[in-house]
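There are structures below to look over.
First subunit A sits with subunit B, and in the next complex the same chain sits with subunit C.
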Partner chain A sequence: LLLAVPPKEPVLMCRSNNYPKGFYCSWHLPTPTYIPNSFNISVIHGTREMVCEKDVFPKNRCHIRYLQLFSTVKYKVTLTVTNALGKSSTTLTFDEFAIVKPDPPESVVAKPVPNNPRRLEVSWQNPSSWPDPESFPLKFFLRYRPLILDQWQHVELSDGTSHTITDAYAGKEYIIQVAAKDNDIGTWSDWSVAVHATPWTEEPKHLTTEAQITETTSTSTSSFMPPPTTKICDKGAVVGSGSVAVCWTAGLVLAAYGVLFI
Partner chain B sequence: MAAADSASATLRRHDLCSRGIRLAGKMRSDVVDLLDTYVEQQGLDASASVAAVEGVPVAAVEHWDEQTGTQRLLENLAAYRAFRALLAQMLEEQQEQLGEADATLGRALAAVLLQVSAFTYHLEELLRLENRGPPGEEAAVPPMPPPLSLFERKLRGLGVLRELAQWAVRSARDLRQLTKPGPGSGVAPSPAESP
Partner chain C sequence: GDSWGIFTFLCAALCNLPALPALNCTEELGPGQSIQKTYDLTRYLEHQLRTLAGTYLNYLGPPFNEPDFNPPRLARAERVPSATVDLDLWRGLTDNARLAANYRAYSRVLCSLRALDGQGTAELRHRLGHFCSSLQGLVLSIAGVMSSLGYPLPAGPPPQPGGAPTQPGGAAPNDFLKKMDDFWLLKELQTWLWRSAKDFNRLKKKVPPAVVTLRMEARGF
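What follows is the complex of A and B.
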């Protein structure tokens, strides 16, 4: 048996992710009432009442077109929720600039740079919801870290939609994210979807050499040749740095294999 | 020769716009800091509403995206000339009111005044490049307001700085529009530039 209740104070949020076109407000009830509720929203700017057009989906959202830009007059948004047992309302007051928050950058791609074991090339695109990046350019914040560490590195970029990381640890897989903000106003977007990438590493030449020796001295017809994409070394067993990495565990195995068949 | 002059003017215009955008960004940042200092030193509530004050240029604009380049420059120029006079007045009043007791606020006001003057120069140069020439200053500067009480002067100062902060953002946007090709820049292409 569920008891119907009057609505509690609704939670209201307003944001502009498509500046300078307009902004949207969305709301929800903190706890269910178990009976139908109706929502009424009013938006006042100075002495002017503005129309908040309800979205078809989601139903708890409406959007407002800016009639003026660069105004110091605050916007006042009041949401009232009513059901058969009562009503409750909440009001938000804010400046035009304060609610500007773009969506995260899209299509983030990170790639190794051939012959550069400490570099990763990262590129992304402006969020598609941002209507005019030429007149209202975004700046970006990139963060990256190797998976094995908790500490992020940060880079702020005032123009362009790409960046080359030049201090990556060789051979380590990285996680990378990007955020966006209008160049002049508002707050940072949420972080983009994370992408992973590992800097370029040179193929370990000496392993091929050992395999060749094993093949020529062995009386067995079998040979040990790792497929090109197989990682035969786990990260902990790799010593050295850069393009010359000695995988000593695999080396011991190969040496033992070779001895067995001499 | 005409093509070279046109190309030179285009480069000069682009250079002035780029510098102006950077100056507007710095100006806004400094005005925001100055606002914090001003509110604190004058004992005001940062969230206080200030009604529109006569003589303070209002940055708010409708149909901003439809303005021509020349309109943008003229409105900016009128605004910054007015701010130059208003800030000079604020500086004088602040020195009379507080004397040397608060050099920090005075220095911050003077620094912003300098930036406003520099930006005004940029706008005048841009208008000269468009063969319009800046209008006379007498026409652009609003009349002096009637005498105000100390508290009214403080509130007016708050209004001035708030609108200046908005204008700095608007100006950066306006100058970016000027660097874009097309009708928004409001400049008819020369024969050399025409497709």
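What follows is the complex of A and C.
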């Protein structure tokens, strides 16, 4: 047996993810009432009452088109929930600029760069809901870390939809995310879907084995001895100065990695 | 940032062309560079305004310095042309009209802020003075862009009747109404600074950043 109750104060949120087209508001009840509820939303801008068009889907959502841009007057949105036992309302008041929050960037792709064991190439697209990136450009925030570490590294990018990470630890799988923000106003989007990538490694079998043995040793002892890099290079059958750089880098990276485990 | 790099590269490339021995590559700002500089100035002013706004509103006192103070707009003579504009109209503005609107607005704000000179606490006067200098720089920067694109500067603000900026009707100045005007002046200024960022973004796209102004010396020609 469930007892019907009057509605509690609803939760209301308004956001502009498609600036300068307009904004949407969405709402929900914090606790169920167990009987049907009706929602009424009013939007007042200065002396004018505006119509918030209800979306078909999702249900508890409506959208408004801006008639004017760069307004000094705030918007006042009031949501009233009514059922057979009572009603409750909540109001939000905000400036046009304050609610701008784009959707996260789309199609994030991270790829290794051939012959570059410390690089990862990341690219993404503007969120498709952002209508005019030419006049209203977005800036981006990239964060990345190897799966095995907790600390993120951050890069803020003021233009372009790609970036090359140049300080990745060789051979480690990375997790990468991107967020977007209007260049001048509003707040950062949520983080994009995470993508995983591992930098390019040269993988002759014995090179892998050497690395694995060294790693096992480093995790079990408190004082870490960097592997003799010359040994790896000798057996690696590498050709050319570029590859020597790879060997040295691999050695240094492993040393750094070992230091982290002390 | 990037545009400086392009500018320097082009300058260097052009100066190395053997077919133009008399070319003297000077670093005069083309309109593209001036637009970037003006954009940067609006961002700097917006940042400065955030600090000034607190002091300014505290000087006006309650209710003006309350965070949720949201008064209706009274029908009074506007000291500054409003930044608010119809979306399609804003999109369709010519470069000249867009720049002129910015120029007029900031000139009027500068005038109005200077009229506040001598009022308020020492801290407010100091911050206001600093802000007005930066605002003056912005007005001059916009004027520079306009003249480099060949546009005439809009005429100065019309002289206010009765001398003082906000005296409609000729009645004795009402302290509350005057403070209300000052409150809206601050809001209009804030809104203009947000709008200008978008105006100058649009201008940046339309005026190529690598327009280089070269001075050809008469040597060898």
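Going forward, the second predicted complex is superposed on the first by the 204 of 262 C-alpha atoms of A that agree within 3 Å, B and C clash if a C-alpha of one lies under 4 Å from a C-alpha of the other, contacts with A are read in each partner's own complex, and residues count from 1 in each chain.
One rule holds in what follows: a contact is a pair of C-beta atoms (placed from the backbone, for glycine too) under 8 Å apart; a residue touches a chain by one contact, two chains touch by 3 or more.
Keep in mind it's a predicted model, so treat the numbers as computed, not measured.
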After the alignment on subunit A, I want to confirm one thing: do subunit B and subunit C clash, or do they fit together? clash
Looking at the overlay, does A:86 come into contact with subunit B only (first), subunit C only (second), both, or neither? neither
Does the superposition put A:20 against subunit B (first), subunit C (second), both, or neither? both
I'd like to know which partner A:159 touches here: subunit B for first, subunit C for second, both or neither. second
Have a look at where A:32 lands relative to subunit B and subunit C in the superposition and call it first, second, both or neither. neither
Quick one: name whichever of subunit B and subunit C touches more residues of subunit A. C
Quick one: classify A:47 as touching subunit B (first), subunit C (second), both or neither. second
Using the superposition on chain A as set up above, list the residues of subunit A that contact both subunit B and subunit C. 20, 67-74, 97, 134-137, 183-185
For a test of understanding, state which residues of subunit A touch subunit B in their complex under the given definition. 20, 67-74, 97, 134-137, 183-185
Of all residues in subunit C, which touch subunit A in the complex? 1-2, 43, 68, 70, 72-73, 82-87, 90-91, 184, 187-188, 190-192, 194-195, 197-198, 201-202, 205
How about subunit A: which of its residues touch subunit C in the complex? 20, 46-47, 66-74, 76, 93, 97, 134-137, 158-159, 183-185
Complex contact set, residues of subunit B against subunit A: 25, 28, 49, 58-62, 64-65, 162-163, 166-167, 169-170, 172-173, 176-177, 180
